[in-house]
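Both complexes shown next keep subunit A, but they swap its partner, so subunit B is in the first and subunit C is in the second.
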Partner chain A sequence: MDKIPILRMGNFLLVTIQVDLYDRLALNLEADLVQMVNKTSARGVLIDISAVSIVDSFMGRIIGNIASMSKILDAETVVVGMQPAVAITLIELGLPLNGVHTALNVERGMKRLQEMIGPVQEDDDEIAPEDDSFAE
Partner chain B sequence: MILSLSKDNIQVQREQDVVLLRNRVKEVAVKIKMGLLNQTKLITAASELLRNMLRYGNGGTCLVEIVSRGRDNGVRLTFADKGPGIADIPQAMRDGFSTGRSLGLGLPGAKRLVNEFDIKSKVGEGTTVMILKWANG
Partner chain C sequence: MPFNIAKLLENQKKNILELWMKNQLEDEGLREDLITNEELRAQSEELVGSLVANIGAGGSTDLDGDNWSPVIEILGGIAITRARQGFSPRETGKFVYSLKEAILEVLQEQIGDDPKMLFEESRKINRIMDGLTVVTFETFIKGREEVILRQTDEIAEISTPVIRVWDGILALPIIGTLDSQRTQIVMENLLQEIVDTGSSIAILDISGVPAVDSLVAQHLIKTVSATRLMGAECIISGIRPEIAQTVVHLGIDLSSIITKSSLASALAYAFRTLRLEVRKQVVQNK
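Our next item is the complex of A and B:
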């Protein structure tokens, strides 16, 4: 069974999709990725689809799902490297991928993630000091 | 008058066949020098219809043809299944309608991506969908 590798890089998870996805593979990726976010406490997920030539409604839905699931687990998702033809096709198909952050390439995607997450704080258990907001 | 220049019938029974068929469509599209954007649209539309066929029709066949009309060449795909059929085609063609859990973009979306689209269905007998994309359409 094929599997799409998920790489960990600091606070982020990195996924590069290099093969044509069929449904089962995409569903597995969704499940694996959400598990990995949980296991590694990742704050960001970067999905590189520059090698993907076809994104249909199913794939689009999976990408949206990954973004919303990660969001609930407090991780941001950025999709990078979409081919122009794929972007045009997605819009004509009627799938604007609302709520999914995108960037033109991996470099910008990384920057975007870092901006969204804010300065990296070593996640020691220092929750106590600035926690007044909960009291109100 | 549309002439068929080559014919190729492909069975689609499993999910993995989708990738195979996509490649086959890509091959014929490249053969008639279809541009990348039109290729992408055609293959995406094919992908939607294949999924429908697998999910609702228990698989079926896809006829891949190179067709010509005067100086234009195109790719015509005919998807035929022996599934339950579609009772209300106008409803099925509406954006956002789905009997499954999907987004309901498959049929209307596929129609927007190609030049010609035709759907015929008989309840209890099956569904046939034809799409055609001209190389420079």
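Our next item is the complex of A and C:
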């Protein structure tokens, strides 16, 4: 079965969706991602959807859900690389994704996350207790 | 010997044409600026020739018949050309009506001594010519509609330029009313340009929009939301005081959108966001 890889980059999780999402895949991604955020106590989630050309209301809702769930787990979500057609479709479907941050490409998305979360401390991983207190 | 109208018309073809031309040239509404006399003559001659040939061939007055299609084609061609050249409907109508006049006059001349036959034949001619007039008008209006459609397309195409004002800043002046179709074009152009240039700020200038009602506002909000989804920021500028009044009176909530009164202030805001600075050069006098 297909699985969308979730990559860890320091404090952030990077998800690159390379295939068109069908419903089951999207639901799995949602579950996996929340698990991963919890496990790694990531501070940011970056979802790259530049390869996604088809979107429906379900997919729009899943993205919104991921953002809200991550927010509860204290992680910001940035969706990057949305295609113009996808953006127009989502708007026409009445899903402006208000809780989700957006950026034009992965590079800017990373910058945006770093600005939101503050300077990345290189030694975050080693100093576990400080990390925990930060999360609370 | 039965009366043969086809033969009569065939013989009188030249007369009819001359009479028709005379009628047309005498008319005050003759548009010599749009069409030369020679051209008019050529058009008229073609039509009379085809019409007379057709009456001779079948004699049927039913315009739906196949044998009428050449006449209708010629007439349609003339009507469309006239529509494009800018003739008024009245002038185009007169073109056909004056032909009827000419034919009836010739008939009167030729068989005026037999009222019953004159009536019968006139009725026939009338029926044919009336049908042709309707065809002319239909084609004329179709031609005009084509012109209008083409112009609408052209306006839609030229009226949505996306301008790169700065590296990373796009401006889109909207002139004219925003309807759904135009919003779609504006949105598509803007989003595509954002992807192409990698811009992070788009300024939507609506100083050329005559009025903003709830529908237009909704279209604006849609465009702004779509831009935001792409990862760029959208500023609406050029809001005139009257528009601000209408928007508030209509109860439209624009608080989620960054609005500026002029393009200059929107640009200033964009510079601030991108951490750019524009300064006046200090000239040092020595």
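A few points about this structure:
Please note the rule applied: the second predicted complex is superposed on the first by the 120 of 136 C-alpha atoms of A that agree within 3 Å, B and C clash if a C-alpha of one lies under 4 Å from a C-alpha of the other, contacts with A are read in each partner's own complex, and residues count from 1 in each chain.
Following the convention adopted for this analysis, a residue touches a chain if its C-beta (ideal position, glycine included) is under 8 Å from a C-beta of that chain, and two chains touch if they have at least 3 such contacts.
The model shown is predicted, which means the values in this text are computed figures rather than measured ones.
Once both complexes are superposed on subunit A, the partners subunit B and subunit C fit side by side without clashing. With both structures placed on the common chain, the touch criterion links A:96 to subunit C but leaves subunit B unconnected.
By the touch criterion defined above, A:65 reaches neither subunit B nor subunit C. Once the two complexes are laid over each other on the shared chain, residue contacts for A:114 go to neither subunit B nor subunit C.
In the superposed pair of complexes, A:57 makes contact with subunit B only, with no contact to subunit C. In the superposed model, A:11 makes contact with neither subunit B nor subunit C. In the superposed pair of complexes, A:88 makes contact with subunit B and with subunit C alike.
When both complexes are overlaid on chain A, the residue A:28 reaches neither subunit B nor subunit C. For the pair subunit B and subunit C, the model built by superposing on chain A gives 8 Å as the shortest CA-CA distance.
Common to the subunit B and subunit C interfaces on subunit A are residues 83-84, 86, 88, 92. Taken together, the subunit A residues at the contact with subunit C in this complex read 79-84, 86-88, 90-92, 96-97, 102-105, 108-109. Of all residues in subunit A, only 20, 22-24, 53-58, 60-61, 83-86, 88-89, 92-95 touch subunit B in the complex they form. Across the complex, subunit C meets subunit A through its residues 184, 187-188, 191-192, 194-195, 198, 200, 222, 225-232.
Here subunit B touches subunit A in the complex through residues 15-16, 18-19, 22-23, 36-37, 39-41, 43-44, 47-48, 51, 95, 102-103, 105-106, 108-110, 112-113, going by the rule given at the top.
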